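Next come two complexes built around subunit A: one with subunit B, the other with subunit C.
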Partner chain A sequence: MTATTATLPPEPLDRLAWIGRVWPWLFLLALITFFEAWSQARIGRTFIFNGYNLQAILLAASAPLMLAIGQTFVIITAGIDLSVGFVMGLAAVILAQATLAAGDSNAALAIGVGVTFLVCLIPGWINGVLIARLGVPAFIGTLGMYGVARGAGFLSAGSGMTVSIDHEGLAWLGDGWTPIIVTVVFLLGAHIVLSFTRFGQYTYAIGGNPQSALRAGINVKRHLTIIYILSALFAAVGGILYTARYSAGAANAGESMLLDSIAAVVIGGASLFGGTGKVIGTLIGALIIAVIQFGLIFLDVNAFWQFIAVGVVIIVSVLIDQYKEKLASGK
Partner chain B sequence: MTAPLLEVKNVSIRFGGVEALKNVSLSLNPGEVLALAGDNGAGKSTLIKVISGVYHPSQGEIWFEGKPLLLRDPQDARSQGIETIYQDLALADNLDVGSNIFLGREPMTKRFGFPVIDRAKMHDVAREVLQRLDIVIPERKLTGPVQMLSGGQRQAIAIGRAIYWNARVLIMDEPTAALGVPEQRKVMELIHSLKSTGVAVILISHNLHDIFAVSDRILVLRRGEKAGERLIAETNGEECVRLMVGDTYQALQ
Partner chain C sequence: MSSRRTVLFSLAAFALSALISGPAVAETKKPVVALLPGVVDPFYFTMHRGAQQAAKEEGVELLFQIPKAWNTAEQVPILKALIAKRPDVLLVSPVDKQQLVRPLKEAADAGIKVITIDTYIGEGKYQTGKGSADFPISYIASDNAEGGRIAARALAKAIGGKGAVYCENNKPGISSTDQRLQGFLEELKKYPTIKVLETQYNEDDANKAAAHVAAVLARTPDLAGIFGVNTFSGKGAAEGVRKAGKAGQIKVVVFDAIPGIDQDLKSGLVDIAIAQQPADMGYWGVKFAADLVRGKKIPAWKGTGFVVMDKTNIDQPDVRKFIYSN
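And then the complex of A and B:
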C-alpha cells in the first residue's frame, strides 16, 4: 500500500476518491484560517493559538464525538441510530441517581458507572433485536427508542429535569482536559477495532453487501445487534462525561447532540448508503462542527447562525456523498 | 477412468405440492465441466442448491469422493470443497480484492501483542491468485474497492476466492450473463484453466455457445426431470434445444 501523496492521482475515479478523503481536512484547515483572519481583523486577537480556545473547542467537540463514534459503526452498516441523544440523557440521569444512592465514595461512583452501562445495554439491545432480527428499518426502530429513552430519562430524573450531584471523583472526571483525554482513548480504541480487527472488517462487509457477508459465514444478525449495543454504550459514556462536567444529570443532555453526531459522521466522509467511513473522519467532522459553533460564539455572532452554518455543511456533505455514489455506480 | 468426484443419486425434492426435482442423478469427474441446461423453472437452480447444501433433498443422496455426504448447510458444502459462485458473485463491493478473497476467514497476525488482520498477507495472496488465473489488475486497483473493477475481473475474484480455498467442485450460475463479449471470453478461458488444474465445474448457462465452448458433457433438465445427457462431442445445438423444449420428450420416455 502506497502512502497518500500530495499529487493528484491520474484516473478520474481515483481523483474523486482522493478528494473525498482529503476534503474534510482541507475544509477544517480553511475554517480555522477563516476564523483566525476574522478574529484578527475584528478584535485583534488570535483565535486558534490560545490554550483556552483550543480546550473549549475540544470540549465542545468531545460530547457529540462520543455519540458520533458509535454512530460511525452504525452508519457503516448502512443503519442509523436516532436514539443516542436521549440514551445519553438517560445515562446522565441514571449515573447521578445511582451514584447518589450508593453514597459519595469513589466506590459509589464505580457502582454508578456500572449501573449506567447496564441500563444503557437495554435500549441498545432492543434496537439491535428490532433491526437485525425483526427487520424493522433502523430509522423507525431507533426513532421509537428515541421516544422510549426520552420518557425513561425524564421519569428517572423525577420532578425536576436534572439531578444535581456533588461528588469529588466525578468532578475530577469532568474537569479540564480529563474528558478530552477520555474521548481520545475511546476514539483510538474504536479506530483500532474498525481498522485492524475482524469485527471492523465485518462491519464494513455488512455495510457493503449484507447478503455477501452472510454467504461468507458472517453472523450478520449478531454483529448488527452488537453494533447497536455499542452505539448505546458510547452514548452512555457521553452521558457520564456530561454529568461529570456539569455536576448534574439532565434527561435532555444529549437532545441537541443527535444531529451533531450524525453530521460529524457524514461530514467526516462516511456514506449514508453504508460501507464506508472512518473514525478519524468522524473526528474531523466533529471538529469542523465545534470550530463553527465556538468560532461564531467567540466572534459574538447571533447564536442562531450556528444552526444555519452547520446545516449548510451537512447538506453539502450529503451532496458530495451522493455525487460520489452516483459516479462510482455509473463507473 | 477414476471414480467420480461427485455423484447425485436419484434426488427428488418437493416444495408443498410441487415436485421441483424428480429422481435426478448426475456424476462429475475431476477436471470435468458439466453444463446444466434447461428452460426457466426446469430445476437447475434447485439442483445446484441441493448440491451446495441450501436445500435438503426429500429423497436420494449425494456422494462425494465415494462416500455419502450429508450437507446441513452451505458451510458444510464449502468445508468439503464444494463452492458456488452465484450470479451476484457475493462480493463486498466496498472492500478490496484481498478482503473479498478472505471474507469471513481473515488471516491474523500480531502487532504489539494484539491480534490484528494481516492485510499484507491478504494483499499478497490476492496478487498471487489473480496471477494464477492470468488476470491483470493494476496494483493501485488491487487495494481499492472491487466496485471499481470490470465484470470479468470481479468474476475472476469470485473464482479466485473459490480456488484459494481449495474448491474441488465449483458451481457457476450464469457466469457470463452480465458480461460483455471480451469479458465472456475471459471467463471461458478461466473455466478452461480451472479444468486443467483438476477442478470439476458445474456450469449453468442459457448460452449454448458458451456451453459448447467449454463443457465436456451437457445435462438437460425439463420440468424437474432429466430430459437427457450427452457428451458435447456427440451432440449439437439443435438436439440440445429439442431436449430443453421437449419436442423429443415423448420419444425419450
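And then the complex of A and C:
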C-alpha cells in the first residue's frame, strides 16, 4: 500500500483508500444481514447465529483461504500462482502416503507432515527460479507447474486417485473447529509478516516498482523465490488439512479451489497490477464467497446462481481496483 | 462516496421491504427431502425429474443442489449447507466411498436419515451393524452386475453366439464398472463358443479405447464384439471400430444412454446401448424417504432396472423416454 499510495494526490487518495479498505467489510456485513433477514422472514430460523452454520461457513472459507494467503503475497508482487491447487492435492496424497509408510503413531504423522513440506518445497522453488531468475512470466511458469504437480499427485496416489488413511491424530486435526483454528493461526502469522516486517515491506516494494526495489538494494530474485516457496508451503498446509478432514488424500483435492483463492485475494482489495493487498482483505474475500455459497443453498436458490453471484462480485471488485489505478495515474 | 453509501443502504432497504411484503411461509408439516447428486450431468438431471414426480405424489418438499464438479471439496460444502437446513431425509450420491463417510455421519448424527443413490459409501452394505459406514438406511442403484450380464447376453445374440469379444473398461477399483465387468464375464461362461479376450483399461480416455481396438484387432482378426462399460469406453471402442472399417461387422455394446445415443444407434456407430434408469432411482429415493418419515420400514438395498436399446426399438416412445436428458 505505502509504495503506491505515497505518490497519490491527497484528496482522491483519502476517498479511494477509504472505499478500497472498507467496501469489502461493508459488503460482507450487508450480505450477512440480508441472509439473516431473509432466513428469519422465510423459514423463521437464524442464518448465522448457530454454531453449526457458522462452523460450516468458516470451514468452507478456510479451505481456499489457505491457498489464498500465499496467493496474496504472490499477487502483491504482481505475479500469480496457478499451481497452488494441485500442489495442495500433491500434499494431500504425500501426507497420506508418507504417514502410512512411517507407521501408525503420532510420530509417523509428524514425519508425514515433514515429508509433505519438503516435497512441496520443490514446486515452489522451481516456480521461483523460473519466474525470478529465468524471467518466465508467472502465468506461464505456474501453469506449467499446475500440470506437473497434477501429474505428480495422481502418480503418487498409485492406481486410484485417493489414498485412505485411518489415523486418530490426523482425524483430530480435521475435526470440528480445529482446521479453522489452524487456518486462523497461519492467517495471523502471514498478516504480521506482511504488515509489520521488512519482508512485508520488500514484498510491497517489489510489486509497486521492481526497478526501484532493485535500486533500493533489495535482493529481488531471492525475495521472489521465497514468496513462491511460501505459496507452495501454504498450499501444503491446505493439503494436510484436507487429508485430515476427509481421512484420505486426494490428488484432485485443490482442483476446485484455485479460482476461489484468486477471487478471494481480488475481492479482498489486492490489485493484480501488484503493490497492494492485505491478508485481512483476503480473509474478507474468502468469507464473502463462502457466505454467498452457503447462503444461497440455505435459501434453496438454484446452484447456478452462486456462480453468477460470485462472478459479479469479482467483476465489481476489479472495477473498483481499475478505478483506483486510473485515478492514481492521474487520468 | 456518500452516493455509494446511499446506494448500498437503498439496496438493503429494498431487499428488506421485499422480504417483509413477500408471503410468509405457513407452518406446514410437509416432510423435507434433500437430493444431492454427484455432478452436473444428464444422468442426475434425469434422476431429479424422477424425484420431483414422487415428491408431487407424496406431498414432499424436495430440495435440490448439485456440485459443478465430481469432487469431494465441491460436494461437502453443499452437503453442510443442506444439513443446516435440517431436512428429514437426505438422498445423496457420494462422490467418494471413503471421504464422504465422515461428512455423511455428521448428517446422520444431526438426525437426518441418509439414503445413498447411484453410488455408496464404505462397502455399500448398510444397516449391518458392522464397520463405520453402515449408517445410511438404504442404497438405491442399478444392479451393475446384472447390467453386465444383460450386456453379455445382448452382445452374444448380436454376434450370433460365436467369435472373440473383449471388455473395454475405465480403470480398476471403481465399484460400478468393476461389477459390470464381473457380470459380463460371468454370463459369457455360458457361451463356450465365444472366446473372451483380456480386458483393456482406458482410464476414461476415448482415444485410448480406440487405440486398444486397433491393437486387439491386429492380434485377433476374428474380433466380433466389444463391451464398453461406460460412455467414454463405448464411444472410443465404436470410433476404433469405425476407423478400422469394421463398422457393422464388429458389434459394440455401450453402457449408459447419454443424449445423442439415438443418433449413434441409427448411424450404426453403436449397436446396443444399456440404459440405466436414473429417473427410477430418484423416484424410489423420494418414495423411500416418505416411507421413512411415516415410520415405515424400507429395504437396505433396491436395484433399479435397465432398458436395452438398439436401432430397431429406439424410435418407440416407451424406449426413447429412457434416454437421459438435461
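By our rule, the second predicted complex is superposed on the first by the 318 of 331 C-alpha atoms of A that agree within 3 Å, B and C clash if a C-alpha of one lies under 4 Å from a C-alpha of the other, contacts with A are read in each partner's own complex, and residues count from 1 in each chain.
As a working rule, a contact is a pair of C-beta atoms (placed from the backbone, for glycine too) under 8 Å apart; a residue touches a chain by one contact, two chains touch by 3 or more.
Keep in mind that this is a model prediction, so the values were computed, not measured.
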Based on the superposition on subunit A, does the combination of subunit B and subunit C result in a clash or a fit?
-> fit
Could you look at A:A213 and tell me whether it touches subunit B, subunit C, both or neither (first, second, both, neither)?
-> first
Subunit B versus subunit C as contact partner of A:V316, first or second or both or neither | neither
Partner chain(s) touched by A:I140 [first = subunit B, second = subunit C, both, neither] = neither
Three-chain overlay, vertex subunit A: subunit B-subunit C angle, C-alpha, nearest 10 degrees | 150
Please name the chain, subunit B or subunit C, that touches the greater number of residues in subunit A.
-> C
Closest Cα approach between subunit B and subunit C after superposing, in Å?
-> 19
Overlap of the subunit B and subunit C footprints on subunit A, listed as residue numbers | none
What residues on subunit B touch subunit A, complex-wise?
-> 74-75, 78, 86, 88-95, 99, 103-106, 108, 111, 114-117, 119, 123, 140, 143-145, 147-148
Contact residues on subunit C for subunit A in the complex?
-> 1, 4, 8, 11-12, 15-16, 19-20, 22, 24-25, 63, 65-69, 71-74, 76-78, 80-85, 96, 98-103, 110, 171-173
In the complex with subunit C, residue positions of subunit A that touch it = 15, 18-19, 23, 26, 30, 33-34, 37-38, 41-44, 50, 52-53, 56, 59-60, 63, 159-160, 162, 164, 171, 242, 245-248, 250, 252-257, 290, 293-294, 297-298, 300, 303, 307
Subunit A - residues contacting subunit B, complex | 1-2, 9, 13-14, 17, 192, 196-198, 201-202, 204-205, 207-209, 211-213, 215-218, 274-276, 328-329, 331
